Amino acid sequence: MAEKEAPQKWGLVVDLDRCTGCNACIAACSMENNIPFTGEDDVAYGRAMYWLYNKREWVGEYPEIKPAFQPVMCQQCGNAPCEPVCPVFASVHSEEEQINLAVYNRCVGTRYCANNCPYHARQFNYYDYDLPEPMNSYLNPDVSVRRRGMMEKCTFCVQRIVRGRQKASAEGREVQDGEIQPACVQACPSGALVFGDVSNPETHASRMARDQRRYQLLEELGTLPRVTYLKGGGRYGG
Amino acid sequence: MAAESKLMQATKPAEHAEDDPKEHLMLDPRPREEMNRMVMEAMTTTTRRYWIWLISLGLGAAILLFGAWGYMIAEGIGVAGVNRPVFWGVFIVTFVFWIGISHAGTFVSAILRVFKAEFRRPFTRAAELMTTFGLAAGALYPLIHLGRVWVFYWMVPYPNARWLWPNFRSPLVWDFLAITTYLLSSTIYLYLPLVPDLAMARDRTKGWRHAIYKVLALGWRGTEAEWYRLRKAINIFAFAIIPVMFSVHTIVSWDFAVGQVAGWHSTIFGPYFIVGAILSGVAAVVTILFILRNTMKHFDYFIRMEHFDALGKLLLVFSMAWAYFFFNEYLISWYGGDTAVRRVIDMHATGPDSWLWYTMLICNVVIPWLTLWNKTIRRTPWAMFIITLLINVGMYAERYMIIPATLGHQRFPFDWGMYSPRIEIPIALGTLCLFMFLYMAAARLIPLVPVWEVQEGQIAHSMRTVGKAQMPSVTELEE
Amino acid sequence: MNQPKPWWQQPGYSISIALVMLILLGGAVSAVYLTQSVPEQPIAFPHDRHVGMGASCAYCHPGTAWGPTAGLPGIDKCWGCHQQVQKKSPELDKLADYVARNEPIPWVPVAIQPDFVHFNHQPHVSAGLTCETCHGDLSQMTVAQPQPRQNMGWCLDCHQKMAPEQWTKLSDCATCHY
Amino acid sequence: MSNTISRRDFLKLAGVGAAVSAVLTGCGPMARYIVRRPYTNMPEYNQAGLSTYYASTCRECPAGCGIIVRTKEGRAITIEGNPQHPVNRGRLCSRGVTAQQGLYNPDRVRNPAFQARADASRARSITWDEAVGVVQNALGSQPDQVAFLLGMAPDHLFDLVSELTSITGAPPPIRYNALSTFEGRATLVEAAAQTFNQSALPYFDLANAEVTFAFGANLLENYLSPVAYNRAYGEFRRGRLTRRGYLVVFEPRQSLTGGNADEWIPIRPGSEAILAAALNRLVAEARGIPASPAFSAVTLAAAAAASGVSEEKLRSLADLFASAVHPLAIPGGGALAQADGLVTARLVLNLNALVQNLGQPGGVFLAASTPTASDFAAVKDLVQRMADSKVKVLFVHGANPLFELPQSLGFVEALAKVPLVISFASFPDETALASDYILPDHTPLESFGYQRVLAGSNRPAQSSIQPVVAPLYDTRATADVLIAAARGLGGAFIDGLPYRDEVDFIQQKIVPLIGAGGFYTAPEVLTFWTRWLQYGGWWTPEAGLDAPQSAAAPEAAISFAAPLALEEDKQFYLIAFPNHFGDGSGANRPWLQELPDWMTTVTWNSWVEIHPKTADELGLHDDDVVRISTPYGSVEASVYRYPAIRPDTIAGQGHTALGRWAEGRGCNPAQLLPVSVNAAGDLTFGTVVASITPTGKRRPLARVESKEGIYGKH
């Protein structure tokens, strides 16, 4: 059974050994992408809008217990389960950037994509989340503010990708490695997140993605994720 | 209740009653004109109680369904109970439920017609009407469920300035097409055999009813050529609608089965859903027949113990078939050993919603198997009424287990979610009101018994003497 | 029985047809009004005169060369010329009033994209497109007029014709929608 | 009418309909309802649609991380890290990136007001002229009756107030912030002074260490310079090709740092000192160094008994530490907040001296800045003076003592005895509401200033603060108000404060930096000032910090206090800890409220962590509300059954004011804390004995995790 191959472009590497679980990525993502906060009741009911959540599971028993943190965002699958099920092409593959797009303005809100996403990386706008004046001033004009009834998800900060690409092309050059960084990668204090063009074997992200500690989330499902995790832990001296 | 006990007495002792050929509608003919009058009376008689019911159901549908839906459109889906990860909730459960109900009409009418099951004759119309209205109620749900219903037409393939078409790879588009096809064909299939009856009604009414029937009867005069074409058309439709019916529920099941949700991704979902749909549909037919028999004039003539008996047998068979598929589905998933799937089926039996899972098994398997083998019970209408209601409760629970209870327990335990319906409850009740409202209104607008079919059957049936025994016999009217 | 009237002349049918037509027409009129009519501007700016005198578009809308928006000139820019070029006109008096009050002129944008469309002038200008291609011939207009049917199909049509070799990129949803 | 419609007309109409529907299906936006206002005078660097970036300094905590704020059309859009800044190198934490929610908070104080201590009938808005007059009168009162309480106020304001008080002869400003207590900052400084003979905050080179022992230091959360330590942590783990760093954390309740450790040693609170002493002795033995006589009295058995860690474990840990090439021991947080916290800090610093890592890569350095924070003892003293009616005027800036100070300190009563309280708060926090005047300062993103890098930089650095947006409201920089008021008094103030305004003050203060060997210089101050703003501060091009020259081990034998005894199943050690709200001032940032807590994933509320075993014994379930009582006060909070805490320990995090997102949420653990201090003057919040009473109420916590999935409960 030959592994299905798909063209690659952008990739994200998460080094779980560096990740401390500090959640700066979630905050940075939310501020960059105009993600609304929902309040206590809705968070408790499973309606928090994190595009990127930190999956904290416990390993071991007291006193040898420790949390296993794993930031989970849209894995930008090469063979994405969310794409074929959308009736209106709102969840669609970007052939140019090789990521999965959530085209907000096309979405009719069937939420099928969200069910079919094994990572639960997609979020739904249950209401219009209006920010009180003047808090709406910080909304990022590069990212559409979503209205009620739409799906949304991590886009690898596609606005930054497009901006970087347009900037590079206006200056008549190729995009440099590390020039484009999603908000989470930029904020990550411990440098656990690395983003780059994985179709180019020389980029930092490509080199990290070939690390022997690599694995992908639910890779057995054949979704061909573009996010690579590097296993944490390891031994002293190893 | 008094009426029921009287009926019980009339049917006792059962075995003797069955021997009486008069017990069979087909062998208990009445003059044509009398039967026409009976049907017309049934249709036109309205009591105060009827109006109270009709108005309150209409109001119920307006407030519970359309009022609540409007509020939800204005506020957002947040007023419903869906959350992450249970993105589909009671709306889709009720959708599948109504689509299941809608299978009854086609099954009872088309399949039994094709197989020439004679007992079908008096209630094909009642069943077909269920199909149409069940579908109408069910078809609302994909719309209700949408986050942005005001752009639902993007699912319709039409040329537009965006150069965009629907995604034909999406099961939802298949669903959309299948349901519209089914709605259209079942409406036509309801309408075709109705034409002679409408003509009958046209000839016996005056005023606004006459005007309506005049238009709807399409100038039917009952000539040989018309009958020939009608029979031909009904025959074609009867055969053609069966694959449509199978495809519809298969496609509904594909909404789940093609997904990669653990617990959905199963090859048996197609037939499993069809059997489930027929089980719930036939059960709903029995429920409705009981209500019709008790509320409508002269219906105790048309709907008899033999019908409950025959449908009861059918139900038993389908309950067994359903159990077989359920067992198959469960065993294969369990044996397959995929952790995620295992966890889902474990959660079904032990999770917070496990009471629904047991309700499902009790209502769909235990109760039918313990009761329906017994002829006395099968021939006791109120018992059948309760049993069939319970079967539908069980089938509703089944869909609930398949949708929210499965979605809530997917691959990452960190992400498991609890779901509790909120505005879904009034909306679901609202569609029930809508269905009942439409059905009740239709019961006074169209002849609910296909008179010509009954009469045709009665002409074809006769008692023959074979040797010393009196035997019922049927003449083939159609080739 | 008389010869029945043809169906479209029977009252029931004709009334329903009329209703449907009325609704369609109403929708059409309001749609045209909302999207295609020329909005009222605080100053009836004569584009034709400025273009006619040889002013280049980029003089007042310089952002096209390096950014997403063309930009609107502030009162400084207007006044830069007009305090020299004094001509009696009620519109120019309005300008003088704004300058005197040091208030921005509340222009009503005409060529504007919805929030979910991220249009960038710069690549288009770099690709050699002229302003008239999309904004119409301003030398024939006083205040800017909306161009009809500038919808997604129009964008795609041009993308396909102008740069077929870049179709993958230019038809990608993420090029404009994010 | 319809009868007149001919077939031809019909077709015509249909044609119109088709054209119309073509418009409808692809119609543009309704432009006519949008009005666009260009800048009246657009700044030349500002282009509509393009971003403008400003370098500044994050002031959500005192660490002094460099930020770059992306603005568009005069609005602050996103906050990114300054890639060149030596503290954070382009990285930020969750508090830093959500700072716009402070700037654009709808509950900000929008104009100066006579607040009248929340007496609505007398409260009114005032003008800034009146306000300056009020401050002027206040400054003119008898100097020893004027007190300044500064918290997170930026360093330039602290410097200005220090100058001001030195002119009048008033007591120097007190700079107290709950975070400095939670870090044990005063204890660290005092321990460094006693051990290294230099009064400075130690800088621990975590990035190059190989085995790190952290004693209560919550490096990854709120310790001195969290982003710097997070960054170093990443390097510590995977920055080298050779060895992965190994982290051991000693603390009774697993914090985020403990959770990321390779070994978390749940020790009994109060046993840190004896444990550190035992490790000192073992490490000295393993390295063959003669142990200081101070440790001779310490036995392994006693340490094991006190801490609850087995002797073998202690021995193997000591071996690990002694045999490592670059071992590092970091004291901090709860470990220092004990009665003998200073001893613990000295012993832990001495561990570093034993393995000779002072000034070595992966070792201990001394941070460049002079510590300016006051200890808790000074606050206690101030409260005492207030209670004794010796304070007539109290200025409060960047602090919220009503919230941050332990209730038992009696600040409320003391505040009532101060006739004039002037708050410079930007937000209506508890203290601001209880003051006479609120003279709102600009929020950090609207102000000028500088911040000396606290302890997160491997080189001397000073970070610049500049406004990234025009002030939103009628607020005024406190430095400007003070300068105007003081100079208005005339006399000594004119000569003592030769500054026109805040900017002039800052420019004069950065003059010494021009020739101090930074990575840029300038011929005169204005050019230097431009670059200083542009780069986000000043620092040296090469890394370099002073290393401690010598280390003095404790000489005399130390006697260790036994950990507080508990009544079994009735009493518990209570550990108060800060989460990502820091000192609590982050609670009005809705996104910080929405962010899950690191360990429990709880949002928008406070909770008390109880080990499941203990909870079972007490019959407590998740989300049960319990009352936690200490001798000093009591609060109610929901139970979180937390598997990573000692069974004899509980831990807990609220506000009564501070705007819509913070008000009435959770509980304030400061109400439970004692007021006693350790030898260095830091609050000893480390061990408080508390009891738990179930209230019978339930308040479900909004957690992101699935309780069912993670803990198997429905």
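Before moving on, here are some points about what is shown:
Letters A, B, C and D name the chains as they come in the text, with residue numbers starting at 1 for each one.
Heads up, the rule we're going with is that a residue touches a chain if its C-beta (ideal position, glycine included) is under 8 Å from a C-beta of that chain, and two chains touch if they have at least 3 such contacts.
It should be emphasised that the depicted structure is a prediction, and the values quoted were computed from it without experimental measurement.
Chain pair with the highest count of contacting C-beta pairs: A-D.
Comparing per-chain C-alpha centres with the mean over every protein C-alpha atom, the closest match is chain A.
For the pair chain C and chain D, the distance between C-alpha centroids works out to 51 Å. Note: centroid distance chain B to chain C, computed from Cα atoms, is 54 Å. In whole angstrom, the spacing between the mean C-alpha positions of chain A and chain C is 36.
Centre-to-centre spacing of chain A and chain D amounts to 29 Å, using the average Cα coordinate of each chain. Each of residues 66, 114, 149, 151-154 in chain C touches at least two other chains. Residue positions 22, 25-26, 705, 710 of chain D are each in touch with at least two other chains.
The set of chain B residues that touch two or more partner chains comprises 160-162, 164, 412-415, 417-418. Taken as a graph of touching chains, this assembly is complete, with every chain in contact with every other.
Partner chain B is touched in their complex by these residues of chain A: 42, 45-48, 55-57, 72, 81, 84-89, 106-112, 114-116, 118-120, 123-128, 148-151, 218, 221. Across the interface of their complex, chain C is touched by residues 160-164 of chain B. Partner chain D is touched in their complex by these residues of chain A: 15, 17-18, 20-24, 26-28, 30-32, 37-41, 43-44, 48, 50, 53-54, 56-58, 61-63, 65-67, 69, 132-141, 183, 186-192, 234-238. Touching chain A in their complex are the following residues of chain B: 75-78, 82-88, 142, 145-149, 151-152, 154-155, 164, 166-167, 169-173, 176, 255, 258-261, 407, 410-415, 417-418.
By the touch criterion stated above, chain D contacts chain A in their complex at residues 72, 75-81, 88, 90-98, 100-101, 103-106, 211, 220-221, 226-227, 230-231, 233-235, 237-238, 243-244, 246, 254, 256, 258-262, 264-266, 472, 580, 590-596, 598-599, 601, 603-605, 611, 613, 643-644, 647, 665, 700-705, 710.
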